[in-house]
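Two complexes, one shared chain (subunit A), two partners (subunit B, subunit C).
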Partner chain A sequence: MSVARKALEMTQAAADVIVQRAGARYEAHRQEIFRSADRMFGGLMIGQWIFAIVIALTFSPYAWQGKIKTVHMHVWIALFLGAAITSLPVALAWFRPGEPLTRHAIAVGQMLWSALLIHLTGGRIETHFHVFGSLALLAFYRDWPVLLTGTVVVATEHLLRGILWPESVYGIPNPEWWRFLEHAFWVVFCISFLILSCRRSQTDMRVMAERGAELEALSENQWRNSSAVDRAAADGRGDR
Partner chain B sequence: MERAPASDRSRLASRLAWIAAAAWLVAVSGAFAIVWKYKSTPSAEGVLAPARWPASSAVARSANRATLLLFAHPRCACTRASVAELARMMARFHHRIEARVLFWTPRDGPSDWNATDLWSSAARIPGVTVLRDEEGREASRFAVATSGGVVLYDARGRLLFQGGITAARGHEGDSFGQERIASLLTTGAADRADAPVFGCALEQEPPARMALAGASTTTNQGEER
Partner chain C sequence: MTVETSHERQDGKGYDRVVVPAPEGGTRSLSRKQFENLPLRERVSYLIEGTAQFFLDGKPILPSEAMRT
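For the complex of A and B:
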């Protein structure tokens, strides 16, 4: 085998090692981001649950029939439906962090929280901003399919409500079947840029991982070279 | 007993997680359906207002524009949305209607019964007069049993509209009621002259039953509580 060929094979092997290391670094970084976002959403879910209960107790604690008061349905909704929405995402964030199921369940849960908060605040326009805030937070995963899951939940909720209870969404009795698309359009408008941002982040992460792997290989190489020089120097001293 | 290998246990746990997720989705969707049902079910009592402005009413009727009355329970959380919608409506039609909000007040209720955010919110709306409706006498005269119930009479005292101005229980946003009132005020016609009402009950007994009983009583007007 020629020296040139041997050198080529060694270079190829070194490049393969760098690619492998870059892949491992990239995956480790992604996992770190997924786990960190899972933890954040776990806390956020519990925070939203407490917030919903406070909202219900503050603004609609009782239903009235003349002078007779009973606990308002909103309080039970906040307590039990809030607990139900929070339960699975928090359990998955705790027991199975970093897994695809966890982040997609969190995306579903987060969008359901938007729907519940809109109900609890009586459909206030301002509460609808929670949808867009949530999508922005889901972009923390830097994993664009999570944003699609969130969008599908919003669109489905609007579509079903538009079919079963149209006036609650559009304020008119017989809206066109595609009216939900108009609402979904603004969500799509928002996530288009978030998806772009996620993809750029992923590209940046890959570049960072590759540079890190190259630097690692370079420093290892230098360490090997300096070790060889040290050994040669030590051998030379021994011969004398 | 031999323990399952780690990979098998992991596969089983993963499968269980997926099953739990599917069950969770079904349960939460079902719960949302119940919430929708609750919010979209109107009051059975509704509004059965007389075709002409009741002569026994102590509430002043405008002689040159339409008069809108909103009957409210001062502590009904659902009525907050009706008051918010009234504010929007008044911003648009203040030159066409005079509005009064009548707060149901019990005979032996505490002195601060009407000292609620709902009263303050209604009192802040330009063009709206806030009144106490002692024992719901006016509600009885106009046969309004539910908080959030609205009646609209023209300048000659003819009933134009009766019903609610929210799309659901305590839910802000466009609604049939608002659309119909807007249509009546701008074109003089609407597809219907009523809309469902969502809110708390004003009386323990339907006021229509005691409508004539309090015909000789008067309503305390003014903005004092």
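For the complex of A and C:
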């Protein structure tokens, strides 16, 4: 085998290893972000559950049927529906962190939490801000399909509840039929920019990984050059 | 050929042009954007072989200087 061919093969082999390492670094970085966001949402879900119970106990602890006082349905809803919404995302965040299923389940859960909090506060418009806050938090994943999952859930939930129980979502009994579209429009407005941000962030992460690969390649080149100098010096000493 | 180092340059701009071997022989001159759009494996190969020559404002610079920014 000629020296030139051997050198070419060595370069190709080294380039393959460096490119593979860059890909692995990029994936490891993404995994770190996914897992960190999963942990954050795991804690947030439990925090929201406690918050919902406190809201229900504070604003509507009892119901009256004549002279009979009972615990208000909202308390049970906060307790049991809250537990149902929280359990799967928290379990997935705990047992399967970093997986696509986990972050999409969390997106669904987080939007259902918005819906439940809106219901528990009687459709207060201010509680709708929870939806936008949640979308911003979901952008922590830097994975834009998660935002689409959240958007589909919140739009569907607003549509169905707007038809079946409008007071629960808008605080009034007879909103316009298209009210959910107005809410959906602002959600789409918000996620359009969040999606752009997620995509840009992913590009930056890839560029960082590639920059690392280029530096590794430079280092490999310098190592080869210094090895060649050492060999030449050794050969020179051998000749004397 | 004399090359500039970052001690001589104050702007920290990196490079704006790269000359690399052309597939059909000879060389080709690429802008920074064109070089960065090459497949990573190709860029890495040029850097390992030391066949990429970097330039800033028409002056040659060391690859290690070019990669700083």
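Heads up, the rule we're going with is that the second predicted complex is superposed on the first by the 180 of 240 C-alpha atoms of A that agree within 3 Å, B and C clash if a C-alpha of one lies under 4 Å from a C-alpha of the other, contacts with A are read in each partner's own complex, and residues count from 1 in each chain.
Methods note: a contact is a pair of C-beta atoms (placed from the backbone, for glycine too) under 8 Å apart; a residue touches a chain by one contact, two chains touch by 3 or more.
Everything numeric in this text was worked out from a predicted model, so none of it was measured.
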{"item": "Which superposed partner A:27 touches (first subunit B, second subunit C, both, neither)", "value": "neither"}
{"item": "Partner chain in contact with A:74 - subunit B first, subunit C second, else both or neither", "value": "first"}
{"item": "Touched partner set for A:87, first subunit B, second subunit C, both or neither", "value": "first"}
{"item": "Which superposed partner A:122 touches (first subunit B, second subunit C, both, neither)", "value": "first"}
{"item": "Touched partner set for A:105, first subunit B, second subunit C, both or neither", "value": "first"}
{"item": "Partner chain(s) touched by A:19 [first = subunit B, second = subunit C, both, neither]", "value": "second"}
{"item": "Partner chain(s) touched by A:161 [first = subunit B, second = subunit C, both, neither]", "value": "first"}
{"item": "Touched partner set for A:215, first subunit B, second subunit C, both or neither", "value": "second"}
{"item": "Touch count on subunit A, higher of subunit B and subunit C", "value": "B"}
{"item": "Doubly contacted subunit A residues - partners subunit C and subunit B", "value": "none"}
{"item": "Sites on subunit A touched by subunit B in the complex", "value": "59-69, 72-74, 77, 80-81, 84-85, 87-88, 91-92, 96, 99, 101, 105, 108, 112, 115-116, 119, 122-125, 157, 161, 164-165, 167-168, 170-173"}
{"item": "In the complex with subunit C, residue positions of subunit A that touch it", "value": "11-12, 14-16, 18-19, 22, 210-211, 213-218, 220-222, 224-225"}
{"item": "Parts of subunit C lying in touch with subunit A, wherever the complex brings them together", "value": "40-41, 43-45, 47-50, 63-64, 67"}
{"item": "Of all residues in subunit B, those that touch subunit A in their complex", "value": "13-14, 17-18, 20-21, 24-25, 27-28, 31-32, 35-36, 38-40, 73, 75-78, 80-81, 84, 104, 106, 109, 147, 167-168, 170-176, 178-179, 200-204"}
